[in-house]
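Each of the two complexes below includes chain A, the first together with chain B, the second together with chain C.
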Partner chain A sequence: MLTKDEVYSKVTDCLVEALGVDEDEVSPESTLTGDLGAESIDFLDIVFRLEKSFSIKIPRGGLFPENILSNPEFVKDGRVTEKGLQELRDKMPHLDIDKFANEPNVNNFADLFTVDMLVNYVSTKLN
Partner chain B sequence: MSSSKGVFEDKVVLVTGASRGIGKAVAIAFAREGACVAINYRSNKDAAQETASLVEQAGGKALLVQADVSVRSDCEKLVDQVVEKWETIHVLVNNAGVTRDGLLMGLDENDWDTVLKTNLEGTVFLSKAVLPHMMMQKYGRIVNISSVSAGNGRRGQGSYSSSKGAVEAFTRVLALEVAPKNITVNAIAPGMIETDMSDLVRGLANKQILAQIPVSRYGKPEDVADSVLFLASDKADYITGQVIRVDGGITLGIGI
Partner chain C sequence: MADIDAAGSCHDSVLAGRRVYGIGVDVIEIVRINRFVKNHSSMLQRVFTASERNLISNPAKTSAQLSSRIFAMKEAILKACRIGWQEGVSWNDVEITDCIHCHEPLLTGKLSLYMKSKRICRVLVVSSANNLYAVAQAIALM
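Take a look at the complex of A and B:
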């Protein structure tokens, strides 16, 4: 069984490969989009690399949400509704939705996707 | 076999519908440049085996893979088999295509489905299946075989023209999506090429058709293959989302 440090190291390798960033740019708090410059296609790339690196299967929409923030039922005036927050809690238990709920502006949503979040997600999968 | 190193040495190329016509010429052309060529066919195994022999004679490595690209699960299995043999895929040529011509008012719904599923969905789902491998290696070249019918239809080609028009639209969108991963997606739109597919129409209207081709001859499958190889080569690294017409100028004039 891998330690958390070992998982972190392999996750970092995946991010270096997928995003073309230097290893020293990656820290546990780095946000994938804001700090590491990930675009939409990169999220798929990260998923493929994590699957291969850890020999796990990540269901479509399992790590990064699909069809939630584009659903008018869940987003109104640029803010995620209560129903949307509940949907995120149900579907994305690895995200810190309580923190996001303080200011549920869709523009802040990307900040939830950090390196640490990936490490926790993979660790849970491995267990 | 050439003694110098081929342009596609160590590259794995998957060509769909490679048992005859344009696909066969494309497979052989890649083989001349040293590629490992996966030859996909649907039903004509004997013809596919002949392509495989020619590929090996030309200096390439050949793998025969039966799959019906109109069946989504076949697309995944096809890619899996190539990857199992050669670990990855560098170039995908979506060539497999069919026609079921007929006027719309007499349209057989099954024919419509066959054409759209083969020509369009085959291209879409095979691309989807190869992309993870291309993305992981940060290199990929997809060349879709469209047709001049995408832009200049003939009566009775509702399904074929629609499928090819959609392939060109898909080519542009996919090119946008995957460009950051060093994957290019382009299309070739052949005109009247000497293949079994165009045999009937060439037989019915030989003189009228030739009169509309400025270079005064039909295209050969090799004419198309040369352009496919160009788009798949490093010389075309900066080209993506484009459609190149290989048609002897047939779409330039107004047909009078």
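Take a look at the complex of A and C:
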């Protein structure tokens, strides 16, 4: 069983390789897009590296919800609806939805995807 | 197809009597896709179908451009179809059959079932690329 620190260390290695960032740029609070510059193909790269590194299987959409912002049921007037928030809570328990729910502006959505979120997801998978 | 000419241009008849379900666009840096393909050669079957991999494996200089175009088209199609959290939809449910011209991709598996449930009857996609970027646009029609 890996400790959370060990998971964090391996997740950091994956991000350094996938995104070409320096290790000291990565912190638990770093956002994947805003701080580390990840784009769509990079998310797939990260998923493949995590699968290899931890010998786990990550289903499509299991780690990163896809195209939520184009679903009118879940987004209205630039904000994620209550239904959308509930869907996120149900399907994506590794995301910190409570904090996001205080100001569910779609512009803040990418901030949910942090290094800590990856660590939580992997830790849950391993357990 | 009668409504897409040999040069890949779509004619008005494509839209006649149809409603637009969604449009999708994607742009990707070719260098990133190239790096991805090189780093994950053993896992490419999860993203590209056999015929797509055949195109990509071509050692010609254009193969990085082609893989980027294919990836961008798949992304654009999924956006046009507004696929959200429909579990089980695979990258391989979309097969790009023409990297250059506007065409209808082969759509199968759970994506095909999803399209039926949303009454999407046609999806058209086209891509372009230069040395740096590939871009794709898709439209889903009801």
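By our rule, the second predicted complex is superposed on the first by the 126 of 127 C-alpha atoms of A that agree within 3 Å, B and C clash if a C-alpha of one lies under 4 Å from a C-alpha of the other, contacts with A are read in each partner's own complex, and residues count from 1 in each chain.
In this text, a contact is a pair of C-beta atoms (placed from the backbone, for glycine too) under 8 Å apart; a residue touches a chain by one contact, two chains touch by 3 or more.
A quick note: this is a predicted structure, and the numbers were derived from the prediction, not measured.
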| item | value |
| --- | --- |
| Which of chain B and chain C A:E39 touches, first, second, both or neither | both |
| Which superposed partner A:F74 touches (first chain B, second chain C, both, neither) | second |
| First, second, both or neither for A:G61, with chain B first and chain C second | second |
| Broader residue contact with chain A after superposition on the shared chain, chain B or chain C | C |
| First (chain B), second (chain C), both or neither touched by A:F48 | both |
| Intersection of the chain A residues that touch chain B with those that touch chain C | 39-42, 44-45, 48 |
| Chain B-facing residues of chain A, complex | 39-42, 44-45, 48-49, 52 |
| Touch list for chain A against partner chain C, complex | 39-42, 44-45, 48, 59-61, 65-68, 70-71, 74, 87, 91 |
| Touch list for chain B against partner chain A, complex | 132, 135-136, 177-178, 180-181 |
| Contacting residues of chain C [partner chain A, same complex] | 22, 26, 28-29, 32-33, 36, 39-40, 43, 47, 71, 75, 78-79, 82-91 |
